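See below for the structure under consideration.
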Amino acid sequence: MSLLRFGYVSGPVIGAIWLFVLATTISVTMSFATGDAFRPALASSLVLGALAGWIAVIPQNKTTKIAMISAFVFAISLTGFGPIVMQSTATSQGFVAILLAIVMGWSIVAILVDVPFGSLSRHEMEEAWIRFLTGFGYIFFTAIVLIPFYVMVMTSLKSQSDLLQNPLDFSLDFNKGTALFRSYYELFRDFNFGTYMWTSFYVSVLTVLITLAFSIPGAYAVARLNFRGQKAFSRSILLIYMVPMIVLALPIYIAFSVTGLRNTVIGIILIYPVTTIPVALYMLQGYFRGLPPEVEEAGLMDGLNRLQVIWKITLPLALPALASVSLYVFMIAWNEFLLAFMLLDDPSKFTLTRGVAMLNSSEIPREHLMAGAVIATVPVMVLFLGLEKFMTKGLTAGSVKG
Amino acid sequence: MNIATPPKGRGPLAKREARLAWSLLLPTITMVSLVVILPLLAIFWISFKPIGLADLRPPAPVLRESLRGSGDDLRIEYRLRNSSQDTEVTDVTIRDTWPESLIVAGDLPSGCDLEGTVFACELGTLEPGFNEQLRVPVALADGADKDTAEDAAEGTKPQVQGNADSILTNFEFTLDNFAKVFDGDEFWSVMWVTIFYTVFGTVGALLLGLFAALLLNKSFRGQGILRGLYLFPYVAPVIAVAFTWVNLFDPFSGSANALLLQMGVTSEAINFFGQRPLALIMVTVFEIWRYFPLSFLFILARLQSIDTDMYEAADMDGASPFQKFWYLSLPMLLGILSVLFLLRFIWTFNKFDDIFLLTGGNAGTRTLTVNVYEQAFAVSNIGAGAAVAVIIFGCLLVFSVFFFKFISREEGL
Amino acid sequence: MGSIKLEGVEKWFGDVQVIKGIDLDIEDGEFVIFVGPSGCGKSTLLRMIGGLEETSRGAIRIDGRDVTAEPPAKRGLTMVFQSYALYPHMSVRDNMGFSLKTAGAPKSEIDTKVNHAASVLKLEQYLDRRPKDLSGGQRQRVAIGRSIVRDPTAFLFDEPLSNLDAALRVEMRYEIAKLHQSLGSTMIYVTHDQVEAMTLADKIVVLDFGKVAQVGSPRELYERPANLFVAQFIGSPKMNVIPCSTEGTSYSLSGGRGGDYHGAGEATQLGIRPEHMEIMSVGEGALDSVIDVVEYLGADCFVILDCGALGKLTSRVSGETALKSGERVGLSFPTDRIHFFDRAGKAVD
Amino acid sequence: MGSIKLEGVEKWFGDVQVIKGIDLDIEDGEFVIFVGPSGCGKSTLLRMIGGLEETSRGAIRIDGRDVTAEPPAKRGLTMVFQSYALYPHMSVRDNMGFSLKTAGAPKSEIDTKVNHAASVLKLEQYLDRRPKDLSGGQRQRVAIGRSIVRDPTAFLFDEPLSNLDAALRVEMRYEIAKLHQSLGSTMIYVTHDQVEAMTLADKIVVLDFGKVAQVGSPRELYERPANLFVAQFIGSPKMNVIPCSTEGTSYSLSGGRGGDYHGAGEATQLGIRPEHMEIMSVGEGALDSVIDVVEYLGADCFVILDCGALGKLTSRVSGETALKSGERVGLSFPTDRIHFFDRAGKAVD
Amino acid sequence: DTIRFWTTEEQPERLAKQQEMAAEFQAATGTEVQVIPVTESDLGTRATAAFAAGDLPDVIYHPLQYALPWAEAGILDTEAASEVVEGLGQGTFAPGPLAMAAVDGGVASVPVDGWTQMIVYRADKFEEAGLEAPTSFANVVAALDKLHNPPEMYGFVAATKVDENFMSQVLEHVFLANGVSPVNYDGAAALDPAATTEVLEFYKAIAEASPPGELYWKQSRELFFAGQAAMIIWSPFILDELAGLRDSAPPTINDDPTSSELASKTGIVTNFSGPSNPDGAAWGDVRYFGITNDADTDLAMDFVKFSMDEGYTQTLSIAPEGKFPVRRGTADEPSKFSEAWSMLPVGVDRKAPLGDLYDQAMINEIVGGLDVAKRWGVAEGQLGLASKMINSQVINRVVRQYIDGEIDAAAAVAAMNEQLSAVE
């Protein structure tokens, strides 16, 4: 540990690890982008990286250091003993070498900025390491989040035979034009995905409406009105929120089987709100508590009764919260899979998630499944990105649930 | 001066408020008890009954009528069946109205009578699996056409009644389900898998969320975009991401394997979701991946609400960045971390969809919740499924006791 | 038209008694102010009058009618909240007209009344704004406007100025005084700021832990506090209190001298306001002391005097005083300015 | 040992200049107070000295050493925050010892220093409590204790008392004064409360939108404000300002009379503090007016006088005054109490 | 009128063909048929669930393993099925498939089509190494020795995914090959320890020559297509894609996904033998139309008759390579359907008759297998019990434990015997 308190130790150590991280990142990115073979070379990364780290801590002008490191990395890359081993065309080889050289030069100098060559103060050492961890963190999280979605979208646009040939080759043949979207087209034409989407949509919207209709009065009462059992009540909301769906699904399945509600969209619309009402109650209750009681009291003094206060004052004020709750509930209903899977058998009544599940079940080509996944994902994503503020608020307010 | 005591009872304003509260809550209470409390009670009831999927259909007599044959061999056939293979149906009676256009042309089956156009039978008890035909030879009345007669005869639905004991509602109880569940050594492996999955899934998501939150706890351009991006795994439908993972980690045609092979990390394709104990690790990793955004969001919210003054004070006090994290941020986050841990623990414990979609509970990834499904549907033993569900519910109650003990100290979420 | 009467009013929160039996007569048109230390029950009492809190025991009468069991809407009162409690989703006009609208008044009438109130409060050009686009003082005025429009039996104010900054507070105080003059309605006003209480009130009710300590005009409270609590509560810097003993017609201070005493009964404490103390050469007056600190404030100086066992006293002198910290001085208490209190804190007079 | 020197210090937030070039010398052991209206840059300046904000231009020297580029930890200063910024999860002891712990001091040394500071601040029996179990004043003392332990070159205080209630504020103010006396360290103190500024400071720096309006002792600022801004900022109720015109050695008020003028150059405004105005019979003095409101405050009365086109003036008179609202009176301004200002607001003298 | 028809042929192209046939039926009779695809692995659960809920469809297209259990559970209307067979002429059906579904006085369901399971192997590699075709345990083990060379080439791709029907099928084939059956004429019978041990050891050998993890038909095919497996066990459904006729499952042994190169290098065995049963056995599966007890019987019967008569060629054309006709012709034209079948083109994205792709000898081997194909319990009249045993997946689980090394052979036999005897 104490050795790290010297610039000439910390610098090379960070440099070595960092170059390896970069080489891996670029290899993976290039592999996914071109399908060609790239792989990081551990030994070369460590040695070169250590050298780069050492250069970065020598007392020199910043641009000089960047230039030195970049030139160095680039030169070694060209000899073929660089941090990335590739079997690829000369152009992309050159491109990768330049990319790696520039990124490495710039980033290692940025990470080791203000790190002196000699002994480091605790602050200086920790800050360098924190900058390193930050860079690593961004790469790491972005990669783990993006890769699956990238694979999902690209798979849906490729044909299975291409992917079986080379599972890494996600490059698209744009000459195909609209044929790229063949699996989407087939999903809508042959698999009724249009209907499923519509079913999912109106089921989700109805779920939102029913949920609000039940949870607004309930949440208001729990949050604002004094009555015996209020505390117990707000706890049992949380408790209900914790009952696992699969435990309820079984008796619901039985009851629906016996009453003939199984395999009907009505049944789904009846049952979805049950999963969302506790969430909505919980979220709205929190929000109502946060509204200043004086405004409502002002309404009371102004001659309203409680119900009028709720309708004319509380609800308009709670509009952003209602939006958050609605969005969140919409998302839950749209993404719901378990109940749809258990209760719906008839393909003409499927929701979107149930329809996607169907795609998994036979020898249906994989791009269809992924296209289905994309179709199910895009609407929530659009909603989410468009209304991110509400959504995040909704998430933080109500949902430790998953 | 006499000691003042509080007045008894509630004042008129309070009473009015309470009345309003209850009437606002009534729909919610009704709904919740209908679809949460009742099912929970039902689960308890069923878990003590020897009941399979097929038993959900209450035993009953089933009757179908048709006019068969032609010319002289014309007959009305009643097919009578006991829907159950193991329960008898008693006091079975049939009533049907015949059209005028048919005339009985032979003996009525025993137990049957014809009064005018009303045909009635008393058939007593039907054995389990009873499936026989009652044939009544008939002739066409003058001028009657066979097709119209057939339509007329089959157009009036015959009535059939009978009594049977339904296993769903009778008072026969058994501990078999629990015995079965606890007996198999399978149960303990399921339990162990559940615990592994829950503990590591929760802790992993928390740690990853903490790391991500620390990363984004400073404002820079693009911070909003990254925050949105990091929430994707949680927001996307589970079905989409689960299948994507299955594809990505497919042993023979998945990109992950291809990548690993190419990088020389492994020389042989790895069957990520089909190999013990890797499959369990993978579903746990998936759980972490999918739910780190939630922890991240909550921790970030908490981080941002920490008074920056405190950090400035620490700056003045000469604390280094790691010291600030260790001595200030971490203790400040302890509350939210423990609340998150408890809640996420409960939710991970309850998780079903993810594992079901990824491995279907195979390759050593069967958790308690997946077991409910397996027992109830794959093996068609609803009673055993219910028993597992009751066990889950029991665990849940224990957790929630912890939770409420704790949350009453930490302010709620 | 606006008289309010409290009869043995009590308030319990569970087992805790917050208002301990209060009787009070408020006459039509009076400006009554509740003051008292934080937590003494001022707001609770006001909210009970308004109907926002249940009255646990006792009765509230407005113009003779018992309204104890009636909801706020039926009491004909109006309230201005500390946080203003404007409806954030409505324009100023709608905020002010809201009560009339809910009562079903015709649009024309609402307009007339709102415009009138707006002109009284000089809010005409803000009528179409939302509350969030107004400054603190303007919001305060809208809140008052909302009350005026209803033409209420009485106005209730709960610390209406405490969210404003000092300069604005002075200005709004002045405007409320003007408003009371022009409307002549009954007003009940809660504050913990004694400057507000002294300058605005016709009648001040000093509350001490749910009980009335004294009711009276500002001058009465300042000049003839009924007990030690009121004496120390009113006036800033607060009245100096020194233990004393009395015998016959003279009092004496331990370690000091003494003076004349006219009270009936025994007094154990002597009170003297900082502005009434006279500083003279050492050995003169009733008491000797050392100057601890001289706090220069411009117009005045507060001189903090260390009297040994008798504690620290504060005297207020002109800003141009030549007194220096460390000096030894004598203190004299003009007889007609001294207040005596008995062991229970009641004024002896 | 604790001298601080600012040389042409500027602060820019993006394109906005918040501190507009300030030069200031603070001597060792001095108690310097920054005052000014909200948003004028007091806190920013203090934080720049402490190193919590980057200095955009100019230099800061502590004991002659240029510390402009150094992080807070290396400047040897300490800061007491308005919100106290105590570490809520640590005991009082740990809070006070934290800076030593991060520096790696041995436990025994930490204990000695913490105990010493606790005894200075009378915090001994609270050492094991958490901040949330302390009253506001105690928290404030812990925050100060945390600073004392470090034995800093200078103390920085950012509105340390503004979260306390009035009574406690008076008490803590007194304690800070005592502390300064006993430690003798340099202290820089930000406040917007002028009573604090007047009573505590050796030297007051009045800031006006990022610039220094005047630096001086409290008495200097009160008696010889350098400009209209300072004149109106210091003193409560604030100085009355009336437009006037001067000719030679006399000034005149429009609609009023006038008096002697000794200034060099032309003055367009005349300032007179409320406590210096004299009220006489109508027709006497410099100006006639009507009494608008008499605000009774016990010891004093504020008389608000309507002078027609010249606006409203406030006069402070004794509480026992017999003045009534509506009375017409004359006002006289004693020549040696009048302040004259030119068109740019600078004092003319 | 509307009837509902559940089918396990749920690929869109196959579904479309069935819908076409339904449309023809509607045109002919006025009865609408809703064709509802059901995933084969869900079929058992869903049928039971539908029975419980009282909303069974009218007709179910199902594999052999459900015929007798469902008849017993009261899901199938055996009389209606028998009547249909009678109406079409019992003689027009191949006798084997009828016998497999025989119940008292008729059949449980109407047989539709069938196939035999095959050992698909790399004839070229066998030839190179001088190996004999994998017709017996010994031949297979010998081939493993020579050809197993991971990761370039796995000797085998065994089925090891316990919950897949595929594993049951493969195991039953291997057990049958060695003459082991869990039933006899009296019902459940203990497995013969010696013969079973041979089976287990053989299975362990092929499992060890397989890639790690849980494997089923998907991996088998992918590996074989990639040229990385020497032998797999598969159904004839593989024949079209093996010849590069299907884009969603192309051979990846070379760069041309449409090439039939791999087909030409592939050999096939249907009859397989173990040391204790030198005659060996083929394993066949037959699919049936079941008419349910909740059905509108007459309409359902009409539909089944139609599908087996006017619509039969259409039915077979769904996937001729895996649907051999069990009804050879009509009373008038006894070989009408066999002939029609042999002309049907196979393939999805490209089409070609089987004869163009494979040797006639090979085709004969494949088709001929159906006549001699065996299943547990058929000869003994215990198919119902045997099906339940299979459906319980006991054998799969225990075999899996054995190949994972959790138990030894003796314990495995004991465990199977114990658990199988609990099935009834």
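Order as written gives the chain letters A, B, C, D and E; numbering starts at 1 within each chain.
Criterion: a residue touches a chain if its C-beta (ideal position, glycine included) is under 8 Å from a C-beta of that chain, and two chains touch if they have at least 3 such contacts.
These are the chains along with the protein names UniProt gives them: A = Carbohydrate ABC transporter membrane protein 2, CUT1 family; B = Carbohydrate ABC transporter membrane protein 1, CUT1 family; C, D = Carbohydrate ABC transporter ATP-binding protein, CUT1 family.
None of the values given here were measured: they were computed from a predicted structure.
If you walk touching chains, what's the least steps from subunit B to subunit D?
1
With centres defined from CA atoms, tell me which chain sits nearest the overall protein centre.
If one averages C-alpha positions chain by chain, the most central is A.
Please indicate which chain is farthest from subunit C, where distance is taken between mean Cα coordinates of the chains.
E
Using mean C-alpha positions as chain centres, tell me how far subunit D is from subunit E in Å, no decimals.
Each chain's C-alpha centroid was found; their separation is 94 Å.
How many angstrom between the C-alpha centroids of subunit E and subunit B?
Here subunit B and subunit E have centroids separated by 33 Å.
Subunit C to subunit D: how many Å between their CA centres?
28
Whole-Å distance, subunit A centre to subunit B centre, using C-alpha means?
25
Two or more other chains touching the same residue: where does that happen in subunit B?
If we look for residues of subunit B contacting two or more partner chains, we find 14, 56, 253, 320, 377.
Using the touch definition from the top, which residues of subunit C touch two or more other chains?
As it turns out, subunit C has residues touching two or more other chains at 51, 71.
Of all the residues in subunit A, which ones touch at least 2 other chains?
Touching at least two other chains: 123, 164, 257-258, 366.
Check the chains against each other and report every pair that touches.
Every pair of chains meeting the touch criterion: A-B, A-C, A-E, B-C, B-D, B-E, C-D.
Quick check on the complex: what are the subunit C residues that touch subunit D?
The touching residues are 38, 165, 170, 174, 177, 195, 198-199, 218-219, 222, 234-237, 273-275, 293, 295-299, 302, 304, 316, 319.
Can you list the subunit A residues touching subunit B in their complex?
Contact set of subunit A toward subunit B: 27-28, 31-32, 37-40, 122-123, 126-127, 130, 134, 137-138, 141-142, 144-149, 151-152, 155, 163-164, 166-168, 170, 214-215, 217-218, 220-222, 225-228, 230, 233, 235, 239-240, 242-248, 250-255, 257-258, 271, 273-274, 277-278, 281, 306-307, 331, 334-335, 337-338, 342, 352-353, 356-357, 360, 366, 369-370, 372-374, 376-377, 380-381, 384-385, 388, 391-392, 395-396, 399-402.
Subunit A touches which residues of subunit C in the complex?
Where subunit C meets subunit A, its residues are 50-52, 71-73, 77-79, 81-89, 98-99, 102-103, 146, 150.
Can you list the residues on subunit A that touch subunit E in the complex?
My answer: residues 159-161, 164-165, 186, 190-191, 257-258, 260, 262-263, 345-347, 358, 361-366.
Taking the touch rule as given, give the residues of subunit A at its contact with subunit C in the complex, in rising order.
292, 294-295, 297-305, 308, 312-313, 316-317, 319
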